[in-house]
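Each of the next two complexes has chain A plus one more chain, namely chain B in the first and chain C in the second.
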Partner chain A sequence: MSNAVEIRELHYRAGKSFAIEDLDLSVPTGSIYGFLGPNGSGKTTTIRLILGLLRPRSGTIRVLGEPMPLRAPAVLGRVGFVPEQPHLDPTLTVCETLRFREAFYPTWDGDWAGRLLQTFDLDPHHPFGKLSKGQKGKVMMLLALAQRPDLLVLDEPTDGLDPVVRRDMLAALIDYVSQHGATVFISSHLVHELERMCDWIGVMDNGRLVSELPMERFKNGIKRLLVSAAPAETESAPFSVLARDRNGAATETWLVRGWEPGMSTWFDARDASLQSVIDLDLEDGFVELLRTFRTPHGKEVR
Partner chain B sequence: MFRVVLYGQWKWSRIVVILGSVAGFALPILSVQGATSDPQRAMKAGELLSVIRSWGVLYPVLAAAIGLLIAIATWTPDHRGRHVLALSLPLPRWRYVLLRFTAGLVLLVPTMLGVLAGALLASATATLPPGLETYPVALAIRFALALAVAYAVFFAISAGTTRTAGIILGLIGTVIVVQVVASTAGIELDLTSPVQAVVMNWPGPLAIFTGRWMLIDV
Partner chain C sequence: MFDQIDPRSPTPLYAQIASRVRVAVAAGALRPGDALPSVRHLASRLRVNPATVVQAYRELETEGFVELRQGAGTFVREVRAERRAGERAHQAATLVRRMIAEAGRLGVSVEELHSAIADEMGAKAS
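The block that comes next holds the complex of A and B.
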């Protein structure tokens, strides 16, 4: 499988307090890749590095098969980008903003831009600077989609928007992806939103990639186990124990990764008893993963 | 591509462009009217030249002010958007800068033409004593060059970050403080004169701003 975005051994430092260290990341072509992480974890910085807006200290970045930032002008013509903050000229009307963008992208689809204007219920004669936050978000999504990109890079595109606007934007995005097979790289705080649409998940924390997995494996692999007479030794377990907390004298709660139904026999062989297996949704899995990663003995999970 | 960049910049600069054009048109006319409004004084060549010379100071001032304001307006949309739009467009950075610079230059043209039109009109209507002549085209060309130089200098400064501007201002401030301290302490140190000589004397970059700005001369 080829990768639309491929990062290897990337190092970047911004000032003294923040650094991205030894980052490896792969976004499979045609996937919808959800990029999760708390505030300040390095998501936006990573996106800027991918787009060639920042230059890494070392390491390689390939986007759509081309090295970045070396081939940025050619690559950016095939990438639709929605940044975290509105970045467009506030004095231009929506219509003028579309004309501005059209001049730079040879693949621009004016007909579809016109249809999206209607779908998003945008007034083409309204200045961009006077639009509401939701309308600005819609305009930026429209611009990214109407240039018919092979890769969409969306940095928290629906952050702070109401559910109706979010739904409109994501519907247009899904519609485009299903028709054109484009790759989507989307960062968001809204974990449930990503859970519905993404097929890959990458989790970033403190400048490092904590986990990168297909969505199903991510969701199914992390479980909370309630164990009686828990064994001290877990090295031989066929799953990874991310954390274990004592509930009382007799039981412990384990957070494990890589769990499969037949693995309960491992407990039986050690005179332990598995009392229950609790499924975690993406948000619980995400929170537990970060909690584990941040503990002194937390280990990186790939 | 150039058309949409120019249009965007026009929206940010139009008030400056209009005011600059009006001021550029009015300045030569007012200077000649000021010099020839008194029939007695209009006949005296020396006094006339003195009045014209005093008005001449305003041409480089106008060029510097318009150049500064257009340069600031040129970069304002990018600064507002933290340059994300510019950096994410599919074209080399030098080409984007060139587009912005050229669009700003085009927006200087109305002010240049304003000075030319004003100078031609003032020349056509002025009654001059014998021995004096008008130089409307030469004045307009000189104004255009000064305007372009001022714009280019401020364009380069405005392109930088606040940190860059801070470093430049810090350097200038340091030179001034050292000079003042040296003067106060009685130390023979002249930092500003050599810099001034390099920058303001021919072929220094700002030499165009110095010398005589005369619409009417011998």
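The block that comes next holds the complex of A and C.
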């Protein structure tokens, strides 16, 4: 089995205003897949579909090789989920919360849960409801990891938490992944966090997946070019031009996708001159991709 | 040694990690027989994909800087003095290339760069 999550031709509709249309998404087994998109783009809805909490109008969802939501009970036993909002009984202590959760998971690793309590510096006798936001986040991560899942689904797990807490949570996540080779599907607004650890990137916008690529290709493929005597015709270019802006009379700034070293010869052959190639980091690439995807003239890119 | 890796840089993370090890070997900060951190430990400390660390270590192995001993870990190999000097020269060239490019962007001339280097070196020696 090559994909831990595989969504094909999925349609979903909630009310009149929001729909996910024709979604194809593949999360390779063993990858750390970063799921990006602005608020309201459909990330959380997609996550709920993956978990079998929502039913699609049409299309298929396979998680760990099994059809969802049909096989949800069996599949969810192998999936660790960290939701955006913690949803635990606030009156139970941390220790009681762990014991309650343990009962549902035959794969539960009690020793490791105990060590994580120490690593995370959590008081097991403190009621969950009285923990700080950061401590609650750590408990959610601990619960997801201690069940030793094959797939971790994390919906903005570190949103609104301080940098020290985020660091501790992600270090524990990476530690688990390097031991067990689990697959991680993580959505986050903290693009630089994803840039460090993900090897795949999927970008949602307005209910559609607008890009899905290995991280290196996503990052390296998008460049800003400074071109003088820019040719009008770009159909023959070996890269795709997402946007072009004039900087006065002499030069233009192009945003291109699919760039590779050596493509500058295309400009030479047209008596244009490529003055510089500017690298974009993941955040710039993400923002530029959404900008061009939303303008009517931008080509659709996959 | 690994604290300054920059995920936003266009240089891939694995290449940055490998480069840190090469520099440490060239400078003598890592000696033959020294162990590199385990993949699990370094990945979780840097919060990078474990595959990234594996890729860095494999590259270093191919280049002959380290050896992977099954089950024991990754260890620095004996690297000849000329090779270490060569690595330092390579790092120096990289630094200067970066400096010249930045100077060009800022409109600083080669002469001005030369005299600034001489001044800084003088200030450091005195």
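We take it that the second predicted complex is superposed on the first by the 301 of 302 C-alpha atoms of A that agree within 3 Å, B and C clash if a C-alpha of one lies under 4 Å from a C-alpha of the other, contacts with A are read in each partner's own complex, and residues count from 1 in each chain.
Following the convention adopted for this analysis, a contact is a pair of C-beta atoms (placed from the backbone, for glycine too) under 8 Å apart; a residue touches a chain by one contact, two chains touch by 3 or more.
None of these values were measured; they are calculated from a predicted model.
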item: First, second, both or neither for A:M263, with chain B first and chain C second; value: neither
item: A:L190 touches, of chain B and chain C: first, second, both or neither?; value: neither
item: First, second, both or neither for A:A74, with chain B first and chain C second; value: first
item: Which superposed partner A:A243 touches (first chain B, second chain C, both, neither); value: neither
item: Chain B versus chain C as contact partner of A:Q179, first or second or both or neither; value: second
item: Residues of chain A at both interfaces, chain B in one complex, chain C in the other; value: none
item: Complex interface listing, chain B residues touching chain A; value: 1, 3-5, 7-8, 11-12, 77, 80-82, 84-85, 87-92
item: Interfacial residue positions of chain A with respect to chain C in the complex; value: 32, 167, 170-172, 174-175, 177-179, 192-193, 195-199, 216, 219-220, 279, 281-283
item: Complex interface listing, chain A residues touching chain B; value: 51-53, 73-77, 79, 81, 83, 85-92, 96, 99-100, 103-105
item: Residues of chain C that touch chain A when the two form their complex; value: 7-10, 12-13, 39-40, 43-52
